[in-house]
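One chain, subunit A, links the two complexes that follow: it is found with subunit B in the first and with subunit C in the second.
Take a look at the complex of A and B:
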């Protein structure tokens, strides 16, 4: 991992977890997997610090097939940030190209997930253009909202086009949930901001004016309730636009009530969280929750300056002469154990697969080859 | 180019001579190849080796080849010369002899000069080249002019040096057809002149490696940079016309050429030496099927021999640089071509599929051909007809003065062809009334 001046909460957790592993080194892997709760209790009693968010349960139980979960695949497209066609058609072409990519998949994916930020500034024309392009997808579309879609009219147009921003469904033994994780506290009324000023503020980075993203108590209740019907061994895939953990506050690579949401997901044997917003290869794991970022079709973000989660294979600096480099779309292949292979189909590079065994082994197995140029 | 404009802007006897040549060209009652019909032809449509040798003597200055050519910094020039093949008159003379020797082909009909013809811009001016037994290859022959300055050879860059490259066609079954290097050595080893020449050049008996080295040494003398444009670039404001200057402005701006065709006094070739998918290969009907096959085949990690076999004998050669690097980003990419002398080396692109420079600009103006591997820098340019003409005029100003006659002939001929047909012209795409990938995303097949 990169040396960083400041350490994010997640980075510190990673370090704590690594220390734990170091201290358990003398137990070989096989017997470690069989360590009973009693033995763990002993380990804790012997003075080992137990990281707050680290969930031993999923590491300690060898993965078995969850009931009824099937292996299938779905495609993803995300963060197209469309402007009106006559203002900027590069991003429009990029989304068209993604639709073409997905439509040429053979066999077709079960569905296509769109990860949010379809529009750049929430304009009616931008959203309608996006909706029109996505109509050409051959496979069914599931779509999530991003902050760029929302803060001009507080989601009015988006909901008119795409319906409920929060939803859940079952598919081939998996339970899927789409959250709206980009809810901000009202910073605009008091300041008398016009809708466009509000939109521009949310669309900006590094400004102290907007609040952090949250899922919010109301939605957390909804989630708890939605999940109450499902047993702990149900494979669960949650979509959120922002990462459901805390990575870098100033770019809102951050969800303020992440811990509360994680707590709701804690009881499940394994959970996959797939998020947009970060426009880069990004992998994390907190206990039973495996996090995967999505590529943007519009532009790649550089990596946040405070260091990245340990499991992340950082992509190297995109080629400035090729506006496609670092962009792309991809696919997700589910496994019967409830985990996924996450494929980053970078347009200008060989695809990179973050396999389920890579995250389930905490990066010890099936590590993808490192890029041949440095990160950025 | 308008000759009257040229007369107003430029002075001197030399230009007057040009005008006379131009006038002859204009007045000639000709069809396409009439201008070259009085040239004696060989088996594959090339000028005979004897004729080419005479022409070459007229083109090449009598110089000491071991010295840095004028206009080059000796340190820079040295960087282009391999340690084991320093330039000597003996090596260049030997290479010159080998370059024109058809004995290096299995049926004694093909030499280097068959496809890299002195009278045709050191290429063959055909879409793809013809080798022994009239077999056709899959790629357009690149010019040897200034190839010394390239970082890699072949359109997919699979060869690191001229010395290495020069050997490859000899054992290519389609081109010169010897089963191996030894057979080629066998074909010339009884020639006493060669025995002597190899001893003088390399102090050894005839061998395959030195055949490559000698041809490489000869090719390194083919530096042809003396174009009106490069004189303009080095400060002579009157060296090119107003129209050509307008083309140069577009080249660096609206037309976006310079992003890949790097062009400056210190990098006069006009190539970034990199590989790009601009969508030419994607016009092949099966390109994407091939690409998927290629990705799959190469994922199974074939041996070098299998790879060479695939690249040579199957349609997978359309995947270009990908067959060398196995990188997805290289699917359908070919090296950015040299721009110097571009006027005299038609047809264009790796498969010779574009007949005129107007077609080339039309291709770029429309944003290339949409395909899943298209380079991100390729986008519609919205160039008007006047701007297209300026760019083409500019490109014709990059030809070395020694080829002015052929350049003028080409310009006239290509213009006539372009007036008749502009198959790549697509104004809806160029002016973004329709976007790349739009039809594809909708599932609409392009009409061929």
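Take a look at the complex of A and C:
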């Protein structure tokens, strides 16, 4: 007879699973695969375990790279396009939902990044409403400016609420930079436009009267200067509202001096650029610079009719009968090699992860799911 | 006395007749009245424009500067070809070609204005069509009619437009034959120029 001290297969399985998840909390995906493959191989060779068991897959505590880059995560919310509460409550509720989503993350993210276009028409009430809602976030907030926040008073109110639109900081071995990439050449003075007319022009995505987005020479100098203190090995994460490459000029899915900015970033071994503005799943890679878009909480944009990056696997066309479809927020998980997993947490859909291995293998490994209703 | 009275009357009539005849001749010598009329009209128009600068704006040109409008088909080839003698229908002049293009485009441009304006759509939440459909992208007019399970019937483009107006735009549905609906349909069709008709596609 066996001893009474017997655990069922299910109990053992659940215990091992819990243990594994505990130890996994801080490890990144690639080291996990390495560790677990080795462990599993050893265990199987010694006849100790079967492939369905979690037992041998004990893992090490999070490691840091030679440059000190750690694995951690931060959340993002973007493009809420708030109107005044009494004009449009749908966009307000969407931002509230995102704040709830992020606040319910366990463990909490290291910080929350807001990707710009908090307001729809840059008005004081809109920006103040947004600031008030974002105050409820438990994790610290980092915020970027978008064109909808800027062109009524040229950023006056936004800066009063949130401070400098351009900044940089270090966090767990990564260097972070926020740029203001929505600077447009003056198109309004010549036409005698009032501030609200200027704002309305910029607020129209397909409005051809406005100029193209730029980072500008002044800011490029600042960036060069800011980065001069860092070695090529430092993992870099840059935030810009518009994509820092040229996708589709007519909708400003575009930065006019993208090449110049890329040239400054090029010397770093690993660069991630995260941008708002496009309201969709968007992935690109130029050399060692990996680009990721952000979801909007307000509405999804259609994909540009031309110029789509090869690495982008589109999200399914949004359901017009569901006002939340194609919207959402998400998180970013950093790796010790300086790359990231980008998670798009789409409301009403399964989340989609663009893993670091997908972009680093130029799309050969870990392909995200294909859309079941592609755009046409 | 009698003779004198008649003579005076005759003389007066004679003078009157000469004066009328003379003044008619004078009028016939005036310059071409059509040209003068145009000049007068132009000067009146210029005066009105100076007084009403807002209303005098060329709204078609302005809207075309704001938003990309696909041009209507080019019919100038008709003038190059042999136009058969003896038929009135199908014999066109340059004026015909210009009129078609200008009027059709103006109709589409009006559609673009409505498409891009929550106010003109009658929206109540600040949402206009272009906020989800820049340049009318993702509208797919070429796929209607098609069965929409959510509506429980076969939808035409105008049904989908009205769905959007009632729901995301939060406005009152448009009459199928209203100027706004006609213009909106015109703009959406125009923007998908060149796409193959494929009714029923999802």
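Quick note on the criterion: the second predicted complex is superposed on the first by the 308 of 376 C-alpha atoms of A that agree within 3 Å, B and C clash if a C-alpha of one lies under 4 Å from a C-alpha of the other, contacts with A are read in each partner's own complex, and residues count from 1 in each chain.
Criterion: a residue touches a chain if its C-beta (ideal position, glycine included) is under 8 Å from a C-beta of that chain, and two chains touch if they have at least 3 such contacts.
It should be emphasised that the depicted structure is a prediction, and the values quoted were computed from it without experimental measurement.
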Message: Going by the contact rule set out at the top, does A:358 touch subunit B (first), subunit C (second), both, or neither?
response: neither
- request: Could you look at A:204 and tell me whether it touches subunit B, subunit C, both or neither (first, second, both, neither)?
  value: second
Message: Applying the document's definition of touch, where does A:99 land relative to subunit B and subunit C: first, second, both, or neither?
response: first
Query: Just subunit B (first), just subunit C (second), both, or neither: which does A:323 touch?
result: both
- request: Please indicate which partner A:347 is in contact with in the superposed arrangement: first for subunit B, second for subunit C, both, or neither.
  value: first
- prompt: Touching A:76 in the superposition: subunit B (first), subunit C (second), both, neither?
  reply: neither
Task: Once the structures are superposed on A, label A:120 by its partner contacts, choosing first (subunit B), second (subunit C), both or neither.
output: second
Query: Taking the superposition as given, does A:90 touch the first partner, subunit B, the second, subunit C, both, or neither?
result: both
Task: List the residues of subunit A that touch subunit B in one complex and subunit C in the other.
output: 90, 321, 323
- prompt: What part of subunit A is in contact with subunit C in the complex they form?
  reply: 83, 87-88, 90, 120, 201, 204-209, 250-251, 299-302, 305, 317, 320-321, 323, 373, 375-376
- line: Within their complex, subunit A touches subunit B through residues 85-86, 89-90, 92-93, 96-97, 99-101, 103-104, 133, 136, 138, 321-325, 327, 346-351
- prompt: For subunit B, which residues count as touching subunit A in their complex?
  reply: 259-260, 288, 327-329, 370, 372, 374-377, 379, 432, 435-438, 440-443
- prompt: Quick one: in the complex, what on subunit C touches subunit A?
  reply: 65-68, 116, 125-127, 130-135, 137-138, 140, 150, 160, 163-164, 167-168, 202
